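Shared between the two complexes below is chain A, which pairs with chain B and chain C, respectively.
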Partner chain A sequence: MKLKSLICGVLLMAAFPALAQTDEEKGYAIQAEANRRDNGYIDSMHDAVMTLKNAQGEVSTREFVVKTLEVADDGDKEMGIFHSPADVKGTAVLTFSHGTKPDDQWIYLPSLKRVKRVATVNKSGPFVGSEFAFEDISSWELDKYRYRYLRDEEIDGNDCFVVENYPVYEYSGYTKQIEWLDKKMYQPRKIEFYDRKGALLKTLTFSDYNQYLDRYWRAGKLQMDNVQNGKSTELLRKNYRFKNNFSDRDFTENALKNVR
Partner chain B sequence: MIHRYTGWVVNARWYILILIAGLVVMAGYGIKDLQFKSDYRMFFSDDNPQLTALENLQKTYTRDDNVLLVLTPAKGDVFSPEILTIAQQLTKDLWQTPYSTRVDSLVNFQYSHANGDEVTVEDLVGDITQLTPEDLTRIKLYALQEPLLVNRLVSPNAKVMGFNVVILRPGINQDSETVEVTRYVRKLADTLRAEYPDLDVRITGSILMDTAFAESSELDMRTLTPAMLTIIAVALWFFLRSFWGMVTVLLMMTLAVIATVGMTGWLGIAFSPSSIPAPTILLTLVVANSVHLLTSFYKSVNDGVNPHEAIGNSIAKNFKAIVFCNFTTVIGFLTMNSSESPPFRDLGNITAMGVVITFFLSIVLQPALMAIFPADGRPRWGSNEGWKKFAHFVINYRHYCLIGMTIAVIALATGIRLNTLDDEYVKYFDPSVEFRRDTDYTSDHLTGIYRIDYSLEKNNGDRISDPDFLQRVDAFVQWYRQQPEVTHVFAVTDIFKRLNQNMHSDDSAWYRLPETAEMSAQFLLLYEMSLPYGLDLNDRINVNKSATRVSVTLHSISSQQVLDLEARAQAWLKVNAPNFARHEGTGITLLFAHIGQRNIASMINGLLLAAVIIALTLIAVLRSATLGLLSLVPNVIPSIMVFGVWGMLVGQIGMASSVVVAMTLGILVDDTVHFLTQYQYARNQKGLLPEAAVEYAFSQIGNALWVTSFILILGFAIFAISSFKINQEMGMLTTLIFAVGLLADFVLLPPILLFIEGFKKSAKASSLVEKKAV
Partner chain C sequence: MIAKVARYILFSFWTVALATFAHAADFSGKAAVDTRFFTEPPIFAQQKDGVAYPSVMIQPEFRHDWGSGNNRLTVIPFARYDSLDKHRTHWDVREFSWLHMQKNWDLLVGVGKVFWGTTESRQLVDIINQSDLIEKFSGEEKLGQPMMNLNLPTDYGHFSLFYLPYFRERTFPSSNGRFLFDPPVRNSEGKLDGFSHWQPSFAGRWSKTFGDWDVGVAHFWGVGREPRLVPSFGQGFTHPPTGLVPIYDLIHQTSIDVQGVLGNWIWKAEAITRSGQGDRFAAAVVGFEYTKYGVFGGSKDVGFLLEYLYDGRSSFAPPTPFNNDIFSGIRVVFNDPQNTEFLFTNTVDLNTQATILGFNASRRLGEKWKIELESRFFANISATKNPFAPPKEILTGMRNDDYIQLRVVRHF
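Here is the complex of A and B:
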């Protein structure tokens, strides 16, 4: 009798593997799938316009171009080149992001005509005064977080997995994020950021998704609202270009000086 | 008419008692919704220009309500591994404070330094286990010359350190959010004290000030009102020598206060430190009505009238006076609605509402109670003989009284201009309040608590990286640092200088502002990108990067000195930065520095209106314009004399001063009305001569006036024991005004009356003479 029920149990578990999965495993599995689907694009480039708004309603914009080179088994290499405001035009930032270690970062300052290496563990401060932290927009790596699946939920008519992400990086500005991941695209629809004391700090909403190379989804608009101080930032990502034939040589200290 | 009404009341006394008790319970049920306001902003109206300026600044940068925790080790300085370890842990714990958005301390200060072309941005104090004694010395040397740290987060002698937590309350239920923050921080401080008994831990900041406001209201509510009740009970028993009379008045007071406080809850008016006196003030006003009714009642009974008839007599005799007295009192309190500060409007409205409730209780419930309780009163003070003697004295020496009072008024009036307005808000709390002690300690040992903030920008919209702009800001900062009133100036120019040095391999020759706009902007971009969560510059620079905030911290100085300093700063800016756009100073300190002046300006119209209404009332009661207007005199001069004496003896006066005149005027007039109605009754109904009428008035109500005024004076004097200075000051001023007012009614009003009557008589006589001559 006992044996029979045991066999039944084993058979059942084999038939429905999901039943045996913990929420942590399921969360990881979902994000691993998201990671798998986004792999292999090799390089990309887009224009970005950031619009900052304070509680007073004052508005200010920053424009920059972002080039990305995919790196297997580590964070991507990324270069951002500022076009406006005028006084930072030509300033370029090169980042080798690493999942759980401090990034390597260099900045080219046209006013000094020099490249400065920046040594800091911080990725959590506001990026150019906006509501985005550098860690919010730098490349996403699977091992940056631990995960936990929460539930399925529909958001604006899109079926989503809701997953909690816990930052592994010691100097992250967050205790956790709650992410609504679109079941069709395996891309985020919304992320909530929780601060060090576990209170909701910001909400990031993704919209205007386009598919490139018949495979890779990219959001055209990211809206970050800080619920604590009433400030917000809109980030528009335009003119996505893939297959730029970028190589490691385009992402070096020397290359920084020659960008336009 | 009135006897028919009182007859009906006497018959229905039990029904009335039950009905009123039911109504009071219903009204009193509102007490469950009672709230205590804590935000310091409550003192300012929504259209206060200084408040608007402050809110604009806070919307442009960030709101910066704060908690400042101050640590002092028993010996040595703060740069020891033990203390720095505590500081690191504390910084971490403070990040857990509810609604905190930023924690600044010596240990997490973002220290930027360079090695060739490598720029490092890190916590000033990193892993303490790795620090050598040389490292500690280096950190100490750096910290003590860093303008953004010294006199702000560390004292120049390195013995005291501060931890500043910026709190952003969502404002859904702000008062409870304040409590939450305070509770967390106090618990943290207690844990520290328990764990490290040698460590001195202090807490201050605007959140703690808000807490102190709420706590002082609650304390006043808990102590003053019961103390007042007790004192009145004893005084009544002493004066009336009647147990049941005392019970009647206590019952009236209790019901009036419960109904009023309950209605306040129903209406959603939150109590604040300045409106908390309302229930206590009300107690004294109930006493006035009740005592007038009771003394007349006992007088009739003692004269042999049967009690039920005596109730009718008492109401008939006092009805007119009570109507007018309560009316003028309500007018006086409603006048406070013209105050600039909402808490004083609340004080006026709550009390006015209470007086209306009291009026109805006096004419409905009190006769019922007098019929229910035995009439056992034998008022002890001042026999009729005594009052007659006093009346003779005043009549005989009336010229001396008039001249003496006139001289006193003129002499004392010169003291009024010696008063200077002062609202140093930390000193609102006396040293028995922890917030006051901790704040004083902080001001003495670490950094000031008063602050002026400037948002500086050029009028052509240039970005802050513009070298001309930065140079002028820096000159402004340097000018401010030379002013003796200033402990610290926080500005981005110091960061730009440090960055310029960092970008030139930390060569100290480059510790100066960057030469071009591009350099400034690009250095800033690099630095901002390297800052951690919460320690950004968004509280210093606006989103357009076109304006920057300069915060000036001051020693504990008076409001007048703050205004002087700000005026000097404006003059400096006008000369040295003519191309700057918006640059008026703002902040809590300036808000309070302006409030006294604004309150007085706002009260003047209200006060004039009240004076006109009260004068018209007097004219209506007395049916005589001259008499009505002249009766204002004994009610106006007490304020003049008292503010004069205050100017000579104290000299500093806060925002409460403006409402005192309006508040006392309405109450002072009561005694005059009571006296004059008796006087007129004697003149017109009894046909007595002026001298005899004065004597009659004194003998009829001298006692009641004396008792009610004495209780009134006690009632307001009790605020002198409040730990809240605005209430203390109000208590002392009103007490003095009532005392002088009583004196004026006794020794000035009769001579004035006699003087007018004499004048009328001689005028009549001379017109007769003229007629004869024709």
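Here is the complex of A and C:
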């Protein structure tokens, strides 16, 4: 009898896997689907404007161009080229993302014509003085986190999965993130970042989504609010261009020297 | 005659530069006012002994891309007016080049600037461009170099080939300026050892990334950028030498440069071997930068730099202060919106204890302005005892040239 019910249970679990899924498995499944839907765009390019605002309301801006090349079975290759502030114009940063292994990164300093290696263990440091940390803007890879599904919730009229993300790479500034993932787009609407003490540090809100190539959703505006120091950073992403025919040779240490 | 031809070419560059400016798609650059404060009077009687010397510089940059981004014209003139040193009042064409880019190669023709190397304390392998020594006595500032440079990115690494048709002599301070050798260099008497300024030089470099490591190997054949400094006896051999004459030689130099990342450590090394100036010799710089992140309550980074410098050259070769030295430094990066940075450095000669202390700081003001502080202090540098013998320490003439420079830069 006991055996019979056990067999029934196993059969039932096989037939309806969702019933047997733990919250961890469900969280992973959701993010794996998000990852699957975003794969295959091959390359992209966009213009970015970052506006930093301190607690007194003083504003400074940075403008840069981002080029991305998808890499099969590894993290993306990405190049950021600064156009402002004027003293860093022409400065370019090349990053090879790797899941849990440290990224490879180089910075090109145009006044010296010099390419320097950058140590990338510093995930939690601020990106160009903004409220975005390096780990917030580097390419998202599925195996950089462990996941746990929390609940379904509506946010501004959009149905979302709420998933906790736990960084598994070393030197993260966060104990966890809580992410509201849009059920239609499988893209984030909001992410809360919790610091090493477990307290809420920052909130990132995504808006102005557009769909490209009939498949890929990209947010036009990212708003990062630091709830602990009152500073905020707005990141606008414009002029998305796909199918640029980029190759590995456009993403090398030497290629940095000719970008503008 | 050659100087006249060179001057004519440079003048033509200026004319075209101005014409380009009118149509430039991209115009940027910088202008700066810097003031140098000297804390001690100079050692030679003919040197000006004021305390504060202002100086102004401008470096506009014009870039124009055409042919769907496959072609680029770059024009970067440079000019400085200096209140202390008439040689330092100078101008140059830092870049004036046409770059043609294809998927599998690119070619640069014109006046260009190329940097090779990895270490902080010394630019040992960097040889394509001549040092503009009056602009900065460390030699980090460079003169524009006429070149044809073909670059071939391949699966076996990046190949960069250079044909350098014209040689440019190093700049030196005038006799009333600061940072003089003892005795001072008489630049107008500079000699090329059996060739003209049109003596071509050739160079090639291969570089490749192996995981966490970047490696470059290069060979240079042509006019060595560093001159020998030979005493000249203007008043006869019974009197002490009146100056040093720079003499340039044909050399072969093979080099390797490496940088790699291991966690918080960035390892750096450069090495050369050179023939053509006395016996063949080798020189190397090896060191690291270790960075501690998020210190001083939050987002500041502190980097610790340490490098060892060795140079096995003989006294027949161009002089260097870096025969057997230890360089150490601390870099503080604030990671703030103004990009504030401090750098403290210390270079000590292990044989003579001759020491150069440095302090640099910089901070952006608003979107377009930047303020920079640069200072050097010389210590334990002995005076020349025997005026007939060349000084043991190349820095002897600079031992009283401690300075603090305040620079205000406007980027545009």
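The criterion applied here is as follows: the second predicted complex is superposed on the first by the 244 of 260 C-alpha atoms of A that agree within 3 Å, B and C clash if a C-alpha of one lies under 4 Å from a C-alpha of the other, contacts with A are read in each partner's own complex, and residues count from 1 in each chain.
Quick note on the criterion: contacts are C-beta pairs under 8 Å (C-beta built on N, C-alpha and C of every residue); 3 or more make two chains touch, one makes a residue touch a chain.
If you're wondering where the values come from, they're calculated on a predicted model, not measured in any experiment.
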Inquiry  = Should chain B and chain C be called a clash or a fit once both complexes are overlaid on chain A?
reply    = clash
Inquiry  = Which partner chains sit in contact with A:208 here, chain B, chain C, both or neither? Use first/second/both/neither.
reply    = neither
Ask   = With the two structures laid over each other on chain A, which partner does A:255 touch: chain B (first), chain C (second), both, or neither?
value = second
Message = Quick check on the superposed pair: does A:125 touch chain B, chain C, both, or neither? Answer first, second, both or neither.
response = both
Request  = Please indicate which partner A:102 is in contact with in the superposed arrangement: first for chain B, second for chain C, both, or neither.
outcome  = second
Inquiry  = By the touch definition at the top of the document, which applies to A:154: first (chain B), second (chain C), both, or neither?
reply    = neither
Request  = Could you tell me if A:196 is touching chain B, chain C, both of them or neither one (first, second, both, neither)?
outcome  = first
Query = Does the superposition put A:33 against chain B (first), chain C (second), both, or neither?
reply = neither
Ask   = For A:56, is the partner it touches chain B (first), chain C (second), both, or none of the two (neither)?
value = first
Query = What is the contact status of A:134 with respect to chain B (first) and chain C (second): first, second, both, or neither?
reply = first
Ask   = Which one of 217-225, 235-243 or 289-297 is the stretch of chain C that crashes into chain B?
value = 289-297
Common interface positions of chain A, toward chain B and toward chain C = 52, 54, 60, 85, 87-88, 112, 114-122, 124-126, 128-129, 171
Ask   = Of all residues in chain A, which touch chain C in the complex?
value = 52, 54, 60-61, 84-89, 102, 104, 106, 112-122, 124-126, 128-130, 171, 247, 249, 252-255, 258, 260
Note = The answer for chain A against chain B in the complex is residues 52-56, 58-60, 82, 85, 87-88, 91, 93, 107, 109-112, 114-122, 124-129, 133-134, 171, 173-174, 195-197, 199, 228-231
Remark   = Given the complex, residues on chain B that touch chain A span 56, 58-60, 62-63, 95-101, 117-122, 168, 170, 463, 465, 503, 516-523, 525-526, 528-538, 541-545
Query = Which residues, counting only chain C, touch chain A once they are in their complex?
reply = 26, 28, 30, 63, 65, 72, 99, 101, 103-104, 106, 113-115, 117-118, 140, 151, 153, 158, 160, 207, 209, 211-212, 214, 259-261, 263-266, 291, 293-294, 299, 301, 335-339, 364, 366-368, 370, 409, 411-412
